[in-house]
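Structures follow.
Across the two complexes that follow, subunit A remains constant while its partner is subunit B and subsequently subunit C.
Let's look at the complex of A and B:
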């Protein structure tokens, strides 16, 4: 049963290769292939989640035992993110039919396969390969929006991604030159002796900046506003909601397993604080809904980076809670932006014409700011108590900036909400909404329902995340699981 | 200001690289995994070319990832470039020598390309290198005769089926109770054409896919250029 997990990566790849051929002969059959594959992937992962025992396990690909071959490492955290990937891939599936459909759907399948790989892989270079695949397939998907603004945005994204890839590869090369292995568990074993020095730190910084391009880390996030504002909203939602979190997950894993230098967390903390400040102020000034969401996403990711810099498993818990919360909220908000489209000025008085959408926006905004019964409050509360418990003054600055950011966030979100509930001036003629309006509203309601469900079940969810965090924190468990296996397949 | 930041960044990066390079001992690589693979690759995969056993065996899923990256790049380029149509006759036709030289090179390039693919498990070479030569074989006549076109339908058929067969070979291993992409059918003969089990098949898939992809990418680019 466990070996079937590899199907969640292999089947989308197979589907992507075959999709253009099948669609040419039978479009009706072709359009179902992608959703069916992703649905099956969700089923495999959900099954493992429900029936698997709590212990993490490792799958050797190609039958070569881990330090020699590549392995997938499956613990609760990896399963959770792999499941989120397949599910969001299914929710944000590009249904639109035109002449580019085969290629767009094939690229989307590649994106989901590689994102799942990012969540599961236990090998540093394999992570890099999947990271590249994520990058290349998103280039195509963004450019497929085929407006000239999207082309310009893609070029900037492409250049930054290229720089990031080279830096990441350089960092990996340094690590390999120093240790002679690429397996994460093996590296975790060797790290205290061989990577606890300047060279290890340099390698970490190179990887941090490189992977940070997709995690919207402060200096390398200039592509974010343009891309999110011009790409299709469903794609923006997938990128902002999921791909950024997966990049964050890689950085978190590397930090937990390999790099224990205090300087590494300090750099992350400082960059995170700068990201919060720049993102939130830019969002406050934004005039366009998607642009506002893009900048606010930079700010939110900065908050998560601050949480990544926290030392013990409470920090990991804060990262998980904030990530999942942001995944729900940002996806929902991007769907609402898709429903309305355009500048914030056009939202004036919209609550009378579409009360459900306006209500959802208020719900998301309240949770994002951290209103008590909603899950956003618990995520932020965990972070605040944990930050307040630290002695280093840098964490205090982080706490202050975080509180200031919450105020700014509340200010611009409620400015928008207030605008919605104003009476509508009669002279503005509402342009007709795009066809995808009702579909995106349904999707947004789905995320709203998810948020309410999370509010109701906040205490079991908190316990579950706590267990996941404790497991992810356990370096010895990781090393044991991967390296102490009999040769052959991971049973 | 922008230039200054760029200069500062480049300078800082250069300084970091230099100070790191001083600390690494050059010429004595750490062969922790490399040594272990060298000592057991032969009996595990049966390929005399150890690079092949790493590319297709130990790190097979990386190769699958690389194939997918190439596929994604070709599909993206197709999305952006594929909208225009070529206007034939904007370029001057090649002379007699160029046209017939191109045609005569075609079988030679095909032979060399397939030779390199089929001997990937025995000698340096393999699917990626051979695939590029195959692509060149198809692209050369296109350069010599500007009006000619490759049949994109056939190319994408080869591309898709080759990629799918790579995944399917891996899935068959899974079906038989082994690990995904585990090498199968390993004979106990070393150094002959029919050895190393499924690895040559995987390399054939890689070669066909790389060849078809590059050929269609190049012809897309050539068509767009002749448009401008």
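Let's look at the complex of A and C:
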């Protein structure tokens, strides 16, 4: 049963390869392939989640035991993110029919497959390959919206991402030159002796900046506003909600397993603080909804980076809670942006014409700011208590900046909300097309319902995340699980 | 050869140098095609670094030619990885060039700043907002716009 997990990566890859061929002969059959594959993936992962014995396990690909072969490492955290990937892939499935449908759907399958790979892979070079696959499919999907601005946004993103992959590759080469292995468990075993030095730090920084491109890390996040403003909203929601979190997950894993230098967490903390400041101020100045959301996403990811820099499992818990919360909220908000589109001025008085959408916006805004009963409060509360418990003054700066950011966030979100509830509508807002408008509103309602469900079940959710965090933090368990496995169990 | 300069040292510094040249080109170039070329150079440096990571100077290529006693072999893993990295790199470069062709067709320029300005204008037009003031162009003809006669009157006239 456990080995079926490989299918969640393999089937979408196969589907992406076959889809354009099948669609050429039979469009009616072709449009079902993607949703069916992703639905099956969700089913496999949900089954593992419900019937698994909560012990992490490792799958040796091709029957070669690690560290020689490549393995997938499956613990609760990886499973959670893999499930989120497949589910969001299904929710944001690009089913709109036109001449580019086969290409777009094939690229989306590729994106979901490689994102799942990012969540599950236990090998550094394998991670790099999946990371590049994510990049290539993202470029294709952004450019698929075919506006000139989208092409420019794609090329600028491509160049930045190219710098990132060069740096990542360089970091990987440094690590390999030093240790002679790329298996994460083996590296975790060797790291205290061989990577706890300047060379290890240099390798980590190179990989951090490289992977940070997609995690919207401070100096390498200039692509974010352009891409989110020009790409299709559903793609922006997927990128902001999921892909950035997966990159964050890799950085967190590397930090937990391999790089224990205090300088590494300090750099992450500083870059996170700078990201929060720059993102929130830019969002405050933004005049259209999508750019506001893009900048606010940079700020939120900065907050998560601050949480990544926290030392023990409470820090991991804060990262998980903030990530999942942001995933829900930002996906919902991007769907609302799709429903309305355009400048914030056009939202004046919108509450009279579409009360549900305005209500959802207020709900998301309240949770993002951290209003007590909503899950956003608990996520932020975990982070604040953790930050306040640290002795290093840098964490205090982080705490102050975080509180300041919350104020700014509340200011720009409620400015928009106030605009919506003004009584005199100056202009009737039309969504891009009646069809896509109602669909995106339905999707946004789905995320709103998810948020309310999370509010009701906040205590069991918290316990669950705590267990996941403790497991993710256990380096010995990781090494044991991967390396003590008898040869050929994967068959 | 100059003593102290081993082949290994020269190769390592070549790898670092290629990455530095590439990064410098990325920052300094204004033409988008040159930026893509700079990326190619930087990638070559990273690939060379990866090859060097597993290379042994006293060994042969890792190909089994005879059974039984084997001579010392070069580590094959980085070479396999470099092949993968090169393939990925070429794919991305091809994609980049094809997108550059599209941009050139739409905007008739490949200058980095001009293209970015045009993109900003288009995003603002799509969203229906007034666009931000350009970072490149000054507000007026001069950094500090000259005081006009109207402004002089408003401020109470010339003494």
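The rule is simple: the second predicted complex is superposed on the first by the 478 of 491 C-alpha atoms of A that agree within 3 Å, B and C clash if a C-alpha of one lies under 4 Å from a C-alpha of the other, contacts with A are read in each partner's own complex, and residues count from 1 in each chain.
Throughout what follows, contacts are C-beta pairs under 8 Å (C-beta built on N, C-alpha and C of every residue); 3 or more make two chains touch, one makes a residue touch a chain.
This is a predicted model, so every value here is computed, not measured.
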Partner chain in contact with A:373 - subunit B first, subunit C second, else both or neither: neither
Subunit B versus subunit C, judged by how many residues of subunit A each one touches: B
Contacts of A:343 with subunit B and subunit C, given as first, second, both or neither: second
First, second, both or neither for A:192, with subunit B first and subunit C second: neither
Partner chain in contact with A:143 - subunit B first, subunit C second, else both or neither: both
Touching partner for A:166 - first (subunit B), second (subunit C), both, neither: second
Which of subunit B and subunit C A:389 touches, first, second, both or neither: neither
First, second, both or neither for A:114, with subunit B first and subunit C second: first
Partner chain in contact with A:14 - subunit B first, subunit C second, else both or neither: first
Partner chain(s) touched by A:355 [first = subunit B, second = subunit C, both, neither]: neither
Overlap of the subunit B and subunit C footprints on subunit A, listed as residue numbers: 125, 129, 132, 136, 139-140, 143, 151, 174, 177, 180, 182
Touching residues (chain side subunit C, partner subunit A) in the complex: 19, 22-23, 26, 32, 35-36, 39, 42-43, 45-47, 49-50, 52-54, 75, 77-78, 81, 84-85, 88, 91-92, 95-96, 99-100, 102-103, 106-107, 115-116, 118-119, 122-124, 126-130
Residue ranges of subunit A in contact with subunit B within the complex: 3-4, 6-7, 9-10, 13-14, 16-21, 24, 59-64, 67-70, 100, 103-104, 106-107, 110, 113-114, 117, 125-126, 129-130, 132-133, 136-137, 139-140, 143-144, 146, 151, 174, 177-183, 186, 198-199, 202, 488-490
Of subunit B, residues touching subunit A in the complex: 16, 20, 23-24, 29-34, 36-37, 40, 44, 57-62, 64-66, 68-69, 71-73, 75-76, 78-80, 153, 156-157, 159-161, 163-164, 167-168, 170-171, 173-174, 177-183
Touching residues (chain side subunit A, partner subunit C) in the complex: 125, 128-129, 132, 135-136, 139-140, 143, 147-149, 151-156, 158-159, 162-163, 165-167, 169-170, 172-174, 176-177, 180, 182, 226, 229-230, 287-291, 341-346
